[in-house]
C-alpha cells in the first residue's frame, strides 16, 4: 500500500488534519460524457420502445391533427441513432483513450487471475467474503457484465434496431444495405421485433443491477464510484491502520 | 401445327386484332409495373415464343393456391392456360388420372428436358419415409425431386412450398419441409402467401414466359417487384397509425371509422406482400380493408408468431408461453426483487460489521 | 371368395386388380384400387386417403380464438367452412352469442361458398367425366346454338359465339400442346353426349371459369380475401357504417350494392347455365344410374344456415338435419353431436393408433396419433406400394360412424333428408327435375343423383343469398349495426375447463369440430369432415364407406380407362386435404 499523506493545509474545526487519499484519474471526459448521454438515450429508448409495442390510448378526431405514434417513433429513432453514433465514438475512444477506456470492449479471457477475480467478486456479493478488493477500473465481475451484457447487448440493439429501421427506409437505404443481412438469419421480421424487444428487457435488467451496484459499491467497497463517473477520478478511501 | 406455335399466332388465329393484342401487352406490362418500354418487350416475347410447358405438382397443402390462381382477372386464367403456358400436368384439373397422368411427367422430362417450369404447391413431408404424402404409391418427395432435376426453373407457390405453412407449424408432426430444403441445386422463386394473390401468381408466371428470365429475387427468394414492401408501408390506414388512432376493441367506434388495427394484432408492420397495393380478387378489398388485421400469411413461420390478436408474439421457452413483455418484465422484476433483497442483507450486515475505514488484511 | 359386409355389399377381390393413383380432378391425394370380374364389373373397391398433415395435433395448446385460421387451412377449396365451424365450436364452448348481422353475414359467406364450390366442382372437376372435349370439334355451331337456346335464355348462345369458340378450341388442339386435356379419355365409349352438347359444355366450362372469380368477391368484401377470408369469434370482423364518418372503410352502401349485384348474377348463372346444363347432360346418361352406394341406405345431415342468430336447433336451420338408416325414408332420426354413442371414429383400418382399436371414440375424447403400417398382403414395399391390403390399415382417413352405421353425407344426403321431411323447398325442385327427365325417385340414389342434388343446391343457395342480403339490410335499416360481441373476448373471462361443438353443412356434407378448452388453451381439437365420412375405410365390423360402396357393381367400358371410376368418385367431390386434415 502506498502511504497516505497528511494534507497540511486542510483541517477541521478541531484542528485535526485531513487525510489525502490516493486518487487515480480513470474515466476521461469523453467516457464520462458518453456515459451520461448514452444513459439518457437508453432510458428514452426504453420508454419509447415500450410505447411502440403498447401504444397509449387512442386520440380522437381526424388523423390529420395528430402524430402521436409518429412522435414516439421519431424520438425512438432519434435516441437510437444518437446512441449508435455515440457508440461509434466510444469505440474510437477505446483506441485513443487511456487503458480503462477499452475495458468494456473485451474480456481478458485467458487470464487466470481475471477469473479468480470474478470468483472473488461473486463470493463478495454472496456475502462470503468479508472484504472487497479494490480496482482502478471495473472489478472483474462488473467488467464481465459490462462486456457481456452491456456492450454486446447494445450492439445487438443497434444492429436489430437499424434492421427494423431499414424496413421503413426501404430496400435501397444504406440501413438495409448494411443491416439487411439480419433478415437472412430471421426471415420473418416479426422475430426481429421480438428479439429487439427482449433485448430491451435485458438492458433494463442490466440498468437496475448496474445502478444498484454503483450505489452499493460506492458505500461498501471503500472507493468512490458514482462521483468517479462525474469527475473521472477514483478515490480510494482506506487509511492504513 | 407444331409445338413451336407462338402465343401471338395463337391469339391472332383466334381473331384477336393486332390492336387489342397491343392493348393486352400494355395492360400486362402496367400490372407488373414495367412502364411503356415494358409493353414492347411483352409484345415481342409473346410473338416469338412457343408456350412453355408447366408441370404443377401438389404436396401437403390445401389447394388454396390453385383456387387463388383461377381467380386471376388479368390475365384471365383461361387465357393463361389456353394461350400463354402449356399446363401439361396439374392433378387438380387435368383430365387424365392414374398411369395416364404419370405418363405425362415422364414424357415431359424427356421431351422438354431443361425447358419446363416446375410449379410446386404444398410441400413434402419427410417423416415416415415421406409417406405422409403418397403419390402413385411412392413418397411425394421422390417425385418432386425427379421432376425438379430436369426443370428450367421452379416456382414455390404459397406459404406451403416457400416456408412450410400450417402443416409445418409446431410441432410439425409430418416434418413438412419447404421445397428449397430438398431441392438445392435449382433457382427457386418463392411466391409466398396463404394463398398468394391471384394476379401476383399469374404475374410471376407470365413474367417468366414473357421475358424469358426469372424475376429479380430478394434476400428471401421472393420476386422483389411484389414482395419488397410491407403491408404497413402501403396501408391506407397508416395515417391512423401515425396519429395514434387505433381500434381498441372489435366493432367499436374506431373500427367503424376504419382506424388502425395494430392493437388488434395486425402483422402488417412485419409482412411483405402486395395486399395493400394490388389488393385481392381484382382489387375488391384486402384483409385490413375488411376490418381484420393482417395475420402475416406470406411470412416465414407466421403460424408460430401468434397469437394473431396480439401485437407481440408468444415465445415458447422452457415450457412456458409468454410474450417479450411478460418474459422481460418477469426478468426485470426478478432482478429488482433480488437487488432489493441483496440491499437489505447488505444493510443488515453493514450494521453488524461497522466499516472501520481500515484496509483489509493482506491475503 | 365373396364376403358380405354388414351394410349389404358383396366384396370379391379375386378378379383383376386395377389401381388408379393419382386420382385427379379432386382436392388432394387419393388412391383407389378395384377388382373387376371377367365382365369388367367392379366387385371390390378400396379407397385410400394418401395424405395427412396433423392439424388436430398442431392445434393443441393454442389460443382458441386463433383456431379458425388454422382449420380454415384444412382446405382452400371449401375455404371458410372450417373457419365458420371452428368459431361456432369456440362460441358453443364459451357460450358466446353473436349479433344478428353477424349471423346474416356468416350465412352469406357460407352460401357464397356453396354456390362457388358447386359450380367449380361441376364444370372444372366433374364435367370431363361426361363431356368429351375432342368431340366438340365436330359439332355444328348452328345446331349447338339451337340446343343451347332450347334449354335456356342465357344470352351467350349464338351460332357465331359457338363457332368462335370451336375455332379457338380447334387451334388449341392443333397446336399439339393439349395442356390439362392431355392424355384424357377422349373417344371412350363411356362418353355419350352428341358433339353439340359437348361444345356447349366446353363453352360453359370457360364461362364458369370466368364467373367463379366474381362470386367469391362476396367473401372479399366481408372477409378481405378469397381463398381464406377472415373470421372472428363473437361475430364477424367487418364493421358496418352506412351513414357515419369513415363509413367508406366499412360495410357501406357501395359494398352492399356490390354484394347485391353479385348475388343477382349468381342467381342468373345457376338458373340459366348450371341447372340447365346438368339437366341436359343428365338426359343423355339417364340409364347410367350406377354409383348409388350408401345413398339409398344411410344418409346423414347436421343442418345449417340458421335463420336467426344463436339458435342451432333444427327448426331454425334452413338446411335440414337428420339421419336415415336402412333406406327407411319414413323415419328420420334426430342427430345429437354431443352424445358419446352417436358419432364415433374408428381407426382399425386407418394409419392411426388407439389404445383399443376395436372401439370407436367420440370426438371430444378423440385421439389423433399417426401410425403408418401396412397389412401383410400388401404388394410392394413400405415406400413403393403396388397394391394395398385392405384387411390391414390402408388409409390416412379415419372411419366415422353414426350409431355404428357408415353414412353418406353431402348435397344428396341433405336433399334426401329434406325430401323425406316433405319440405317443399327440397321436394318440389327434385320432383320437377325428375319429371323433366322422366325418372323415378329411385334414380336419385346414383352418381347422377349426387350431381343433380348439388346443382339444385347451388341454385337454392343463390336464392338464399338474396334472402340474407335483404335481411341484413333490413336489420341495418332498423338501426342495428352491431357485428361483434366482445363480452368474452378476453380469455380471463373464461371458465377453466369447457368443451363445445360447432357444425355446418359444408359443400361436401356434414362437418363438425369438437373442442376442449383448458386454462384458455386448446386441450383437444377434433374435426370430422364430410370426406372423412364418405371416403372412410372399413370399420371393425367390415362396413364399407360411401366411396367404396358407390363404386361397387359398376361395369367399366375399358378397365384401362377409369372414366366410370372417376365419374362416381367425382360425384362426391372428394376433398382429401379435408378428409384427413
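We call the chains A, B and C, going by the order they appear; numbering starts again at 1 in every chain.
In this text, contacts are C-beta pairs under 8 Å (C-beta built on N, C-alpha and C of every residue); 3 or more make two chains touch, one makes a residue touch a chain.
The shown structure was predicted, so the numbers you read here are calculated from the model rather than taken from an experiment.
Among the chains, the centre nearest to the mean of all shown protein C-alpha atoms is found for B. Using CA-based centroids throughout, the chain positioned farthest away from subunit C is A.
The distance from the centre of subunit A to the centre of subunit B, with each centre set as the mean of the Cα atoms, comes to 41 Å.
With centres taken as mean Cα positions, subunit C sits 27 Å from subunit B.
Each chain gets one centre point, the mean of its Cα atoms, and the points for subunit A and subunit C are 63 Å apart.
Not a single residue position of subunit C touches two or more of the other chains. Across the assembly, subunit B contributes residues 259 that each touch 2 or more other chains. Per the touch definition, subunit C reaches subunit B in the complex via residues 19-29, 31, 50-55, 57-58, 61-63, 65-66, 69-70, 73-77, 79, 120, 124-125, 128, 133, 164, 167-168, 171-172, 174-186, 206, 209-210, 212-213, 216-217, 219-230, 232, 234-241, 244-250, 258, 370, 372, 380, 382-386, 396, 481-484, 486, 489, 561-562, 566, 577.
Listed in rising order, the residues of subunit A touching subunit B in the complex are 1, 50, 53-60, 63-70, 72, 125, 127, 130-132, 167-168, 170-171, 180-181, 183-184, 187-194, 197-198, 200-202, 204-205, 208-209, 212, 216, 219-220, 222, 237-241. Listed in rising order, the residues of subunit B touching subunit C in the complex are 1-3, 5, 10, 13-15, 50-51, 53, 58, 60-68, 70-73, 76-78, 81-82, 85-98, 100-104, 125, 128-140, 165-167, 169-174, 176, 194-195, 198, 236-237, 249-251, 255-259, 275, 280-282, 284-292, 295, 297, 303, 306-309, 321. Across the complex, subunit B meets subunit A through its residues 163, 218-220, 224, 228-230, 233, 239-246, 248, 254, 259, 262-263, 267, 269-270, 296, 299-302, 305, 311-313, 315, 323-325, 327-329, 331-332, 335-336, 339, 342-343, 345-346, 349-350, 353, 355, 357-361.
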